[in-house]
């Protein structure tokens, strides 16, 4: 069983038809897993539904707490890309390296926009979380990075090793 | 560098507008990697573009041969799902377990149909091929299976352990 | 109130995941009208769900009969493109020019393939049927043609005046 | 020949991947006409690329002027829905009823979001503009409205008769 914590991010942004703005409603994770024909045993829980630029220390403390109390040793966290690295490091500081495998992933393009990186990243992150040893990782652009050796390049939108 | 061998399959089927039938043209792999914002270093080579029900022993011998002569130790093979298991076993018989990591993947829905399992499976397979130990595997439905312990359930279209 | 008779055609073809073939299930008309944010008052009735190459004289007699008995003076018929002209002429022979406005439309690409001509043709045909004088027409490629002055160019897939 | 003037609106909004916001780049009209397999003879000209809430009197004067100087008697204007009625009335005041057929249309969902009302409305508006008598109209939700007898219901996003 893989635990999936949803925190929002571009992944789940939707177009609000009456106001003409981007907003959050419910997560698309179940629909994406259905489209991907996933047969993994997962438990999805939405912790928050926010843009990661608005994520506070209290939000991160909640994510850490829920990762700690979750029974599952393998956890996926969907997250906005802007502060994904910061949350990954907060998690890495909270979990000894021999405890759980936690993978954070997200998207540059909202799933609701049709052709997107969301399905690709979800398939990637769910695979890495099954086979990587305990630790905290970011899975983006088809690659996995340990939490302390990654940054988001703001000019290109790409995650890269440091 | 990951080597990707394209052999066709549902993955790459397209709708032929004038005849109203399904057919193969070029592979969608480069476009899918672009949509997925993949930053992996890959080399794509199309070996054939066929429905896997039509795959012959000579076709499989070619796949084995190209996997052998490829310089890369990590190889992804896109393949129709109907005979994917057979090709996986042919590869497993040809490669000692300590040699290369070879992952086969495919799709139940053509990529050209829009909302599909192709992007999900591609993200999954590219992740497994980076981290699994040498051996031949099938990556479908978010899971990985050793070549000798998997079958496709023809009633559900799902790959399962045996 | 506009009456819509569904007869199948590429419009409603779907990809059958387990067999890897194209097939018909239910019509996509209601979903397409919802996506198009249509607020027209319509009544949809599926007469048959077939490839128009398989349409028989009995099928065409049924379409004529249902157009005759329908209370609505404005009728849309969705139809495969291969024999759309033949059905249009059968209808034109059955209806005097001062009776009903009947518009046939279809698609070159199945709606289920994502980016398609189906929504465009549906918006076009529903508009023509509201404003054209009584008669039988084909609405394809953004244009309308009287039933007796149109053919499908099989090399290009385009409907053109004769 | 139908003249198409592009002014922006939801129709042409895109998702900007690096900033995570909605923005305008180039118009999608040519791509939409290609997807719709349109064979109409059209000339597309982008007058501006703005949200219609930001449209000024000078912008509207430009639209009126270009509709006046255009050689074509049939003109389509793509426009944001929020002030489409205001522009339609400005055009109606400028053109005597026996002069040109001008149809305004738009979308509630950006075309770039995949499944949208854009293709449906475009097919509808291009059909109405071919057959409606001279006058200024709005084509939305599958219906056509004379410029002086329509409003947008802001609660539902639907255009309705007044």
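In order of appearance the chains are A, B, C and D, and numbering begins at 1 in each one.
As a working rule, contacts are C-beta pairs under 8 Å (C-beta built on N, C-alpha and C of every residue); 3 or more make two chains touch, one makes a residue touch a chain.
This structure is a prediction, so every number in the text was calculated from the model and none was measured.
Think of each touching pair as a link: the shortest run of links from chain B to chain D has 2 of them.
Judged by shared residue numbers over all numbers used at their interface, chain A and chain D contact each other through mostly the same positions, with over half in common.
With centres defined as mean CA coordinates, chain D is found 39 Å away from chain A. Measuring from the averaged C-alpha position of chain A to that of chain C gives a distance of 45 Å. The centroid of the Cα atoms in chain A and the matching centroid in chain B are 26 Å apart.
Contacts with at least two other chains are made by residues 108, 114-115, 157 of chain D.
Of all possible chain pairings, those that touch are A-B, A-D, B-C, C-D. The part of chain B that touches chain C in the complex is made up of residues 10, 13, 15, 17-18, 20-22, 51, 82, 108-110, 112-115, 154-157. Of all residues in chain D, those touching chain C in their complex are 32-33, 35-40, 108, 114-117, 119-128, 130-132, 139-144, 157-160.
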